[in-house]
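Every chain is named by a letter (A, B, C and D) in the order it is written, and numbering of its residues begins at 1.
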Amino acid sequence: MKLLLLASLNGITLAALYFIVASGFTLIFGMMRVVNLAHGSLYLIGAYLGHDVAALSGSFPLALAGGALGAALVGMAIHYFLLDRYQGDDLRQALVTIGLSIIAADLLLARYGGLSYQFELPEMFYGSMPMPIVGGYPIFRIVLIGLAIAVYLALWLLVQRTRFGIMIRAGVDDRHMLGAIGVNVPLISTLVFGLGAALVGFAGVVGSSALSIAPGEDARYLLSSLVVVIVGGMGSLPGAAIGALLIGLAEQIGLAYFPTYSIILSFVIMVAVLAWRPYGLLGRPA
Amino acid sequence: MLSRKLRCLALVAGITAGFSISVSAQSTNIRIGGLATLDGPFVALGQEAFRAMEMAFEEANYTAGGRKIDWIKESSDGRPDVALTKARKLIEQDKVDILIGPMSGGEGLAIKEYAKTAPTKTFVNGFSAAQETTLVSPAANFFRFGADGAQWQAGLGNYVYDTKGYRNVAVVAGDYSFGYTQVLGFMSEFCAKGGKVIEKIWVPNGTKDFSSAIARIPNKADAVYIMMGGADSINFLTQYDQSGAKQPLILGSNVSDQTVLSAKGPFQRRLVGLPSAHMVADGIEDAVYKDYVAKYKKRFPDGLSSPSAPFYGYYVATKAVLAGLNQVAGDLSGDQAKFRAALSKLRLDMPAGQVSLDENRQAIANIYVTEVARAPDGSLYNKVVKVIPNVNQTLGQPREAFVARGVPSRDNPSCP
Amino acid sequence: MTISPWVGRALLASALLVYPHLATDFWIVSVGAYAMVLGIIALSLTFLTAYGGMISMAQMATAGAAGYALAIFSAHSASAGMALLPWPWAVAAAIAVGTLTGILIGIVAVRSQGIYMLMSTLAIAMIMFYLAQQNTTILHGFDGFSGVAVPRVGGVSLREPLPFYFLCLTSAALLYALVIYLVRVPFGLVIQGIRDDPLRMASLGYRVWLHQVMAFAVAGFIAAVGGVLSLWYHGGISPGSIGITATVNVLIVAVIGGLGHPRGAFIGALVFVLLQNFAVDLVGSNRYNTLIGFVFLVIVMASPDGLTGLWRRLRGMRKGSLDGGVVTQKL
Amino acid sequence: MLLQIKGLEVQYGKSCILHGVELELADRPLAVVGRNGMGKSTLCNAIMGMVPITAGSVRFDACELVGQHSYQIARRGVALVPQGRRIFPSLTVEEHLRLVERPGAQKWTRERVYEVFPRLFERRRNSGAALSGGEQQMLAIARALLCNPRLLIMDEPTEGLAPLMVEQIVATLKGMVAEGDIALLLIEQNLGVALEVADAVAVMVNGRIERTLKASELAADRGLQQRFLGVSAGADAAVS
């Protein structure tokens, strides 16, 4: 009972991290049909830049902002200079981002070396807090849930309540028509790409506080984002939340009860979803 | 159509010719290949490996047995396939005489098998520590001057049983052969003493969030033995610390390595006092060793706070090659038979003690039981609490009996 | 330029036959033969893409399935020299396993299209990778198989440079011919029809999914042959052989060469193998991945159908005609 | 000339949809008619910059549109009511209008749109997907008008609508034409509607403008109708 409860809590908190990472991915895909396979690289960039900022300023909030902003700038540059010209050619864009991720991984390795980094969390977030039944639970993992909910609400408000959000939704529905009524779709696209990149950069700082950051994490978070949004449905924010929950729970409950094949479980869920609903639980055909 | 294909061919031929010439311009120098990982999960270790070779070569002034040494580096990414491709390139294209490497267990097994197909060359293991590499069907031209993963844990089981008083231990370890090997090394002593390993939790490679594995650790365990790869162990330690778990830890060799101790993170405060064991320890109180550390720090100011175990592994391997070459005065004729004979008989005095080889060309060496301690400058290091001299591959047991117990696996050995 | 293409082909063939008698072992095996092995695996992807309009990231995994099957049936260092099956049967079984894997992957994959198919097949490839890594009883977990015995035919080991080179060359030529043949027979024409307009083909009474799955079966067969050769080349197989890097490498090879024509697979493989071996000599041992990524990026951006397309376009430009510059490719 | 199209060519892959369209439009409404698959919708999308143009020129108010983004074309004063309406299903009616409304004093505002289409006001909180065909058409027209265009392109505005709805649309169009400050390019299958709203009619056959003639001329000549459109008097029934 205690184990199940703990594993579920762990699953939910891991899902929170997965959601923050995947929300940027799904936003970018939803708006632009760009499968950004350099998403994991942006995660690394955000985390490393955040680390630099923290080393300079000693401030965790500044590190969060720095990671998000840095990743956003890199993301917008990628979109503006390399991706926008291939609008509609999704395979080409996927390939370009693969090339970028190879280069980025190597350059980051040159700059930051192969060691693992971890953030010094503010004292108030460190340690564990008492909880019924399970005894204690890490504070930062609870904070993670809060952050994920905050990201979800902020994105929801942005998408549902602002003119920019109306443009994003209209662009998901029919980007050509959106252009035909005078909206500068390329600009919106670059901004959305920047927003998606900012989210994953933010996630990089958060993730390397909860876990750690090292070369190779890029591929890991790219894969987890892919799995999460494919399960939930590409381009859907609630879909990403549901997908993250499913995958996070599957990973942790699997690790608790049948560790040998737990790592396969999330991929099996994904293939099962694909076989049953090829566009994900809440997705729809492009 | 024709002209295009002709030009393609001409291009290929041109490249071929170009590279062939660059290689055929052979000198009388001895060519030594270095193979380590500069890509993939073991990248931090690979950087250390090349530093080690560089330092050893510089100490010898890039000369051995009166001949100059050409050093050719290749990098793999931890995959046996890639290691093999690179080894082939070093041997067949770059025409190295001696290959030093590789880094990790699976790669080591692949290189050992490849060594059998290149009997005129000599292979000296870098840091890979899989037991089977030299225990099961060894290659006559493959030498390992470092202890294997099971040897590394010699003395640890006795130490935690006798000194720390642990009786029931839970194991959380990486679900791959190196994990099994280390656990075997730990358990063979600990179980023989009468200790119990009440739960083994094998975590898949690539797991980053260990929280639910931590949740499975039974309350009645006196201590938790942990063993996983560098970056993963940092995640584990953080999550273990944050989970509020109170049981003390016993560290596998990777976990107490400098690459982990030097990493920045809040988990560090948890580490002080934790026991571990390895073929080298940065707290060795010995003038030769201190000199070695000082040279490392001087040569690599951007390196770790003290040389890591992979550094030591490659350093010893390179030193052994140089010593062998000196003994035969650089004579590699006769398909290197003389050189290999010299290697087999070497008794090397290394910073962490003397190294010699058994009949399978596997190292017999000192093992250091350590506890993590904080140095005056604030950095963490492994303080030596016990030295186990001349540990051999069968951990002091008769070879037949040791081999008959089978390869280490999830369930072998077992003492619940 | 007026010489018939057959003369060009004959020249290419004779060059490929003469090459191993001039080159060193390294150039015969590690460049020549290995480029053909990699090319065969990439060919299975190029076949799916060029004629079926489908992108599969699971081709390395399919090849790996065949490789693992052969490793299990053959003698290897862990089986202490005892083979489960005589080698011709083991090879046949391995190719059957690979083809079957291709069919199974196809059944799931053809439910989605385009970029979705790319992602779903990537997921399947990852399942197979983790399965190989986690299963210790049959697949030997993280370490996989090493020291796999390579068969001897008439006293000659197939692992010797020349026999292995000609084995790879023959396999590559036969598979290439198979692809060229298949796309001209009704099956291939239907596949291409489905690529261009699946709805129309469905309304003409063709079972679209069945043909697509059959295309995956063919690709599975091709990849399986590549997997067998790859096992013999490496003398073993481990999860890393089918991991994400290896998976992406197949795509890189096919894209560098050009996804539009089967010959692209081999051109791409040759370039990739040369880069893999010699990028270190060009930029030093530290930043060669940057170079590989950069070459890939430049080719992707400069030419939608890789080096074959780039070549065609350069020729077009020199002749002063513009039509060579417009290469449209629907995926 | 407000709109001047010369030698316009559009290709999809290897198949040519438009080959050499020549068309001119001044202030008076012009209808383009033709059978299915002759390239009428492609023509609209090409003017709007929504499909890649292989060759030719589209000049709007002496300004070249070819090569511009569709948002730039829209901002120059061209608005499209596309075939199939292409309402954004995830947006409410109100959000559609907020999206296109420009700040400042404009001829068409949200209030005026609601005045003209009271039905849209009633349904302003409904999502685009929940509207009926006629409501969607009103919304598509309202969306285009809020862009305050100088040229309005309407692609099959009456397609699939009930006769009553068609009448209402025709009335709205006639009202707009009567006001005279928006030029109208109307694509219609329904010859009756085309003839009623437009002054001149261009007949499109196989990706070319075969002929341009006065609406009254085509209305009077059943032979021509039969030849170009394969329709006869029956088609007029929809309006009469």
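The rule we apply is simple: a residue touches a chain if its C-beta (ideal position, glycine included) is under 8 Å from a C-beta of that chain, and two chains touch if they have at least 3 such contacts.
What you are looking at is a predicted structure, and each value in this text was computed from that prediction instead of being measured.
Participant: Return the chain pair with more inter-chain C-beta contacts, choosing between A-C and A-B.
Facilitator: Pair with the higher count of C-beta contacts: A-B.
Participant: Could you find the chain whose CA centre sits the greatest distance from that of subunit D?
Facilitator: Most remote chain from subunit D, centroid-wise, comes out as B.
Participant: Nearest whole angstrom, what separates the Cα centre of subunit B from the Cα centre of subunit D?
Facilitator: 74
Participant: Provide the C-alpha centroid distance between subunit C and subunit D, rounded to the nearest whole angstrom.
Facilitator: One centre to the other, that is 51 Å.
Participant: How many angstrom lie between the centres of subunit A and subunit C, each centre taken as the mean Cα position?
Facilitator: About 32 Å, centre to centre.
Participant: State, to the nearest whole Å, the distance from the C-alpha centre of subunit A to the C-alpha centre of subunit B.
Facilitator: Each chain reduced to its C-alpha mean, subunit A and subunit B end up 35 Å apart.
Participant: Quick check on subunit B: which residues sit in contact with 2+ other chains?
Facilitator: 39-40, 175, 204, 206
Participant: Do you know which subunit D residues sit against two or more other chains?
Facilitator: Nothing qualifies.
Participant: Identify all positions of subunit A at which a residue touches two or more other chains, and write them in rising order.
Facilitator: Residues 106, 260, 263 of subunit A each touch two or more of the other chains.
Participant: Which bits of subunit A are touching subunit B when the two form their complex?
Facilitator: 2-3, 6-7, 10-11, 13-14, 106, 109, 113-121, 126-128, 135-141, 211-212, 214-217, 220, 251-253, 255-256, 259-260, 262-263
Participant: What residues of subunit C sit close enough to touch subunit B in their complex?
Facilitator: 1, 3-5, 7-9, 11-12, 15, 23-27, 29-30, 34, 77, 130, 133-134, 136, 141-144, 146-147, 159, 234-238, 240-241, 243, 245-246, 270, 274, 276-278, 280-281, 285-286, 288-289, 311, 315
Participant: Touching subunit C in the complex: which residues of subunit B?
Facilitator: 1-6, 9, 12, 15-16, 19-20, 38-40, 73-75, 77-82, 84-85, 88-89, 92-93, 105-106, 109-110, 112-114, 116-117, 130, 136-137, 175-178, 204-206, 409-410
Participant: Where on subunit A does subunit D make contact in their complex?
Facilitator: By the definition above, subunit A touches subunit D via 163, 166-167, 169-170, 172-174, 176-186.
Participant: Which subunit D residues qualify as touching subunit A in the complex?
Facilitator: So the residues of subunit D touching subunit A come out as 45, 48-50, 69-71, 73-75, 79-80, 82, 86, 88-91, 95, 98-100, 143-144, 147.
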